[in-house]
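Each in structure tokens, the structures are laid out below.
The same chain A turns up in both complexes below, where it pairs with chain B and then with chain C.
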Partner chain A sequence: MIEEPFATGTTLFHSRDARVKLIPAVAITLILALTSSFLVAGTGCILTGLLLILSRPSPRLILRRICRVNIFTLFLWLTLPLTYGGDTILPFLFLDLSLDGIRMATLITLKTNGILFSFLALLATSTLASLGHGLEKLGMPRKLTFLLLFSYRQLFVIHQEYLRLQRAARLRGFIPANSLHTYRTYSHLFAMTLVKSWNRAERVHQAMVLRGFNGTLIPLNQPQLSKNDYLFLTTILLISFFLATIPFFC
Partner chain B sequence: MHISEGVLTAPVLIGGAVLTAVGTTVGLKKLDYDRIMTVSLLSAAFFVASLIHVPVGPGSVHLLLGGLLGLLLGWGAFPAIVVALLLQAVFFQYGGIVVLGVNGFNIGGPAVLCGLSLRPLLKGSKKQGMTAGFLAGCCSMLLSALLMAGALFFSDQGFLHAAVILLTSHLPVMLIEGLITMFVVGFLARVQPEILSLDTRK
Partner chain C sequence: MTTLPPLIELRNITYSYPGRTTPILEEVNFSICDERIGLIGPNGCGKTTLFQIIMGLLTPDRGEVLLEGMVMAGEKDFRILRRKLGFLFQNSDDQLFSPTVLEDVAFGPLNLGSTAEEAREISGRTLEGLGLKGFEDRITHRLSGGEKKLVALATILSMQPHLLLLDEPSNNLDPETRERLIAILRGLNQAHIIISHDLDFLASTCSHLYTIDKRRLIPCKEKQIHSHDHIHPYGDHPHQHGT
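Right, the complex of A and B next:
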């Protein structure tokens, strides 16, 4: 259930160092998040969409992901045209739709999806482990990196543990319903997962101290930035620069 | 509970980022390497909680349990929540990097506040402990929903009605969060009480 389906591949996005993807990803996200221009949001959405296509993800998985993230956008589409207000009202069947509301919902849809595409193309093509080490090299506090990498490592174990307990409950005839019994059962399942995680943390900590752990995690491969990495960084930063300067030319 | 990227305006994004940076820094400062392992595990458990769907009425909601994390970790809950949100962004693309500041503060702020103010009750009787659990779950959810609605409203006043709808839809979830946190605290007090005194342990 928890997996990184886009992180494996052979495209030029997958073989780049996490650092040269993190910097332009943040740049593009900032530009698109802060813009209020349709032209920038629209162009951004198209360009990041192209980047996403170049990273060659599985179409079925990517569509499912895009739909799931757009649930919030759908909520805005259902509420903003009816409640946003403004001067221009568009009569539609028996409803009065606010033109400003529709405009706002369109702008947010373009921005959200542009950012999502860049995230999927640039960051989802790395594993969290390499993103974590990349973030540390870019200045993220060491303790936070450690928290991130270690949570990532244990996530799958804890989830398996929870699923095992849930399966056991089901085998004993537990059927979730709207009842206090259901809430108590879920609480106990989760609390037991916490107890097991806590005990595991103690054991792992002791084992790591025994092996001389001093607060640093050393990655197995420490890639050096290659010429291609710099070329990639420059190209994507140029795209970001182009997006950021569009309003000055129009 | 997440606000997507591209919805909020610059002042709200910057405000959220600054507050989250401060909260995370304080949280990290109070964490030593002996406890960091436990916090990582709880952060992963917090991530797993968001995958647990509990039935409410005809549908289902997923758990958040920020209040519980606040009770267990105090200030340490802040970095734990930020990390869990970052993991959710990378795995499921919920939220994002720039909006992480706002989302982190919306969930982390109330979690720490409720955790720190209700934590003394945990040392009392079992009933007091469970009351603390209920209040932490309920109040942190309410405050998180209020902050989320506030973030939307301060970004654009046209969001007012959408924010009110979001806030109202979180009211039943608040009750569920309260109940679940209460039962979890009760269970932990019986099975492994050390977890409840994690923050004060030397």
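Right, the complex of A and C next:
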């Protein structure tokens, strides 16, 4: 379910500390999310696209992921041009095809993809575990960090438990259909998953208590930032700075 | 000469699960110093319950748990006890909760007051001792069943306990990993109590055998623990023997 297909690799993106990827990812996201300029959104999309290419992901997987996100922008393309109002290019049935609507849909598409590319290049190249620790090092409250890491860890377990139950049902001839039997079976599956997860959470808590846990989690130190990490951070931040200042030059 | 009190002693322990009229354990008396004990018995006879009582996860209706002669009263006392006892769960997935192996193994030492460097060092040494060198950065939930079991053992050994409570450690292990576990357990110098249905496993790792019969913990005198060569179809595949 939650695989990390892009997190393993040997590019300069993979070997960087999560911290120096988190900071520019936030910066780029903010710039692209807040801009209303086509130039910034377009340049951002191209630059982050280049970063993504440099991180050398598997083309098939990355395209699939980009397509999935763009299903949402597709809906915008289906609705915005017809409902936005403003300058009309041509009437379409009883609605008007609006130029402003097309502009808005293009802008949102560029922004969305720019942010997506930067996340895929910068954040997807780290495991969630190292991102969690990076966030903590950057000052995120420890409780939130551990909530993130534990949810991530337990989601696997809950999902496996659900799959096991589902398999058990299928092996006994269960075929989902639009029937009361199906709904009842699914509600049982979900309920059992919840109950089992609850029990498991209790056992995990016991395991922690047995190993001396008393409410505070003590982190293992992370390795120090290297020269390359700082170089990487500066480069990407310069790119973000460039993006942010484009409107002042044009 | 004064004799040292036993490491762990149980006095008249009676426990019943909520909602059941008959207790699962009744008047259990037991003590252990440095022995290696095997515990066998049918499913649901209270073996795991006994472990949970020793660790203070369950509170008995009556009776006392003593650590080196001191009665354990309440959570505070059991926190001290848990530093000296390691409990290996039946299901390793319940035991491994940190993202990486190193973090999981270091979790105990950190809680016991080690600095990060010490915890790293202890964890590295423990993993190496179990033949798990190079596993430090592996993701815990992506390990195989056998690896999970060994890492779970490492998370306990890194706390340097005096007594190990192992709940069915040889379950679902392939013959190779099972042999590896036997060799590891024989090489450790801690006392241990092992719950298992695998008599051969117990014969290789324990010197005394106990069972729970009619809600009481009794030493198996009539059954001598022994091993012998035998043969049956597919004998080279993992299998269990009846008790």
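One rule holds for everything that comes next: the second predicted complex is superposed on the first by the 235 of 250 C-alpha atoms of A that agree within 3 Å, B and C clash if a C-alpha of one lies under 4 Å from a C-alpha of the other, contacts with A are read in each partner's own complex, and residues count from 1 in each chain.
In this section, a contact is a pair of C-beta atoms (placed from the backbone, for glycine too) under 8 Å apart; a residue touches a chain by one contact, two chains touch by 3 or more.
This structure is a prediction, so every number in the text was calculated from the model and none was measured.
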Legend entry - chain A as common anchor, with chain B and chain C clashing or fitting: fit
Inset, instruction - Go through the superposed model and pick first if A:211 touches only chain B, second if only chain C, both, or neither. - result: second
Inset, instruction - Check whether A:220 is in contact with chain B, with chain C, with both or with neither, and answer first, second, both or neither. - result: second
Legend entry - Between chain B and chain C, more extensive residue contact with chain A: B
Inset, instruction - Please work out whether A:80 is in contact with chain B alone, chain C alone, both, or neither, and reply first, second, both or neither. - result: first
Inset, instruction - Quick one: classify A:128 as touching chain B (first), chain C (second), both or neither. - result: both
Inset, instruction - Please work out whether A:144 is in contact with chain B alone, chain C alone, both, or neither, and reply first, second, both or neither. - result: first
Legend entry - Partner chain in contact with A:112 - chain B first, chain C second, else both or neither: first
Inset, instruction - Classify the contacts of A:200 with the two partner chains as first (chain B alone), second (chain C alone), both, or neither. - result: both
Inset, instruction - Aligned on chain A, what is the least Cα gap between chain B and chain C? Give it in whole Å. - result: 10
Inset, instruction - Please identify the positions on chain A that touch both chain B and chain C, taking each partner from its own complex. - result: 128, 150, 152, 200, 204, 208, 214
Legend entry - chain A residues touching chain C - in the complex, by the definition given at the top: 127-129, 132, 149-150, 152-153, 156-157, 200, 203-204, 206-214, 218-221
Legend entry - Residues of chain C that touch chain A when the two form their complex: 55, 57, 79, 82-83, 86-87, 89, 91, 93-95, 97-100, 102-103, 106-108, 110-112, 116-117, 119-120, 139-141, 155-156, 159
Legend entry - Contact footprint of chain A on chain B as seen in their complex: 2-10, 13, 24-25, 28, 31, 33-34, 36-45, 47-49, 51-52, 54-57, 63, 65, 79-80, 82-84, 86-87, 89-94, 96-99, 156, 158-162, 165-166, 176, 179-184, 187-188, 191-192, 194-195
Legend entry - Of chain A, residues touching chain B in the complex: 1-4, 25-26, 29-30, 32-34, 41, 65, 68-69, 72-73, 75-76, 79-80, 82-86, 100-101, 104, 108, 110-116, 119-120, 123-124, 128, 131, 141, 143-144, 146-148, 150-152, 154-155, 158-159, 162, 176-178, 180, 182-184, 186-195, 197-202, 204-205, 208, 214-215
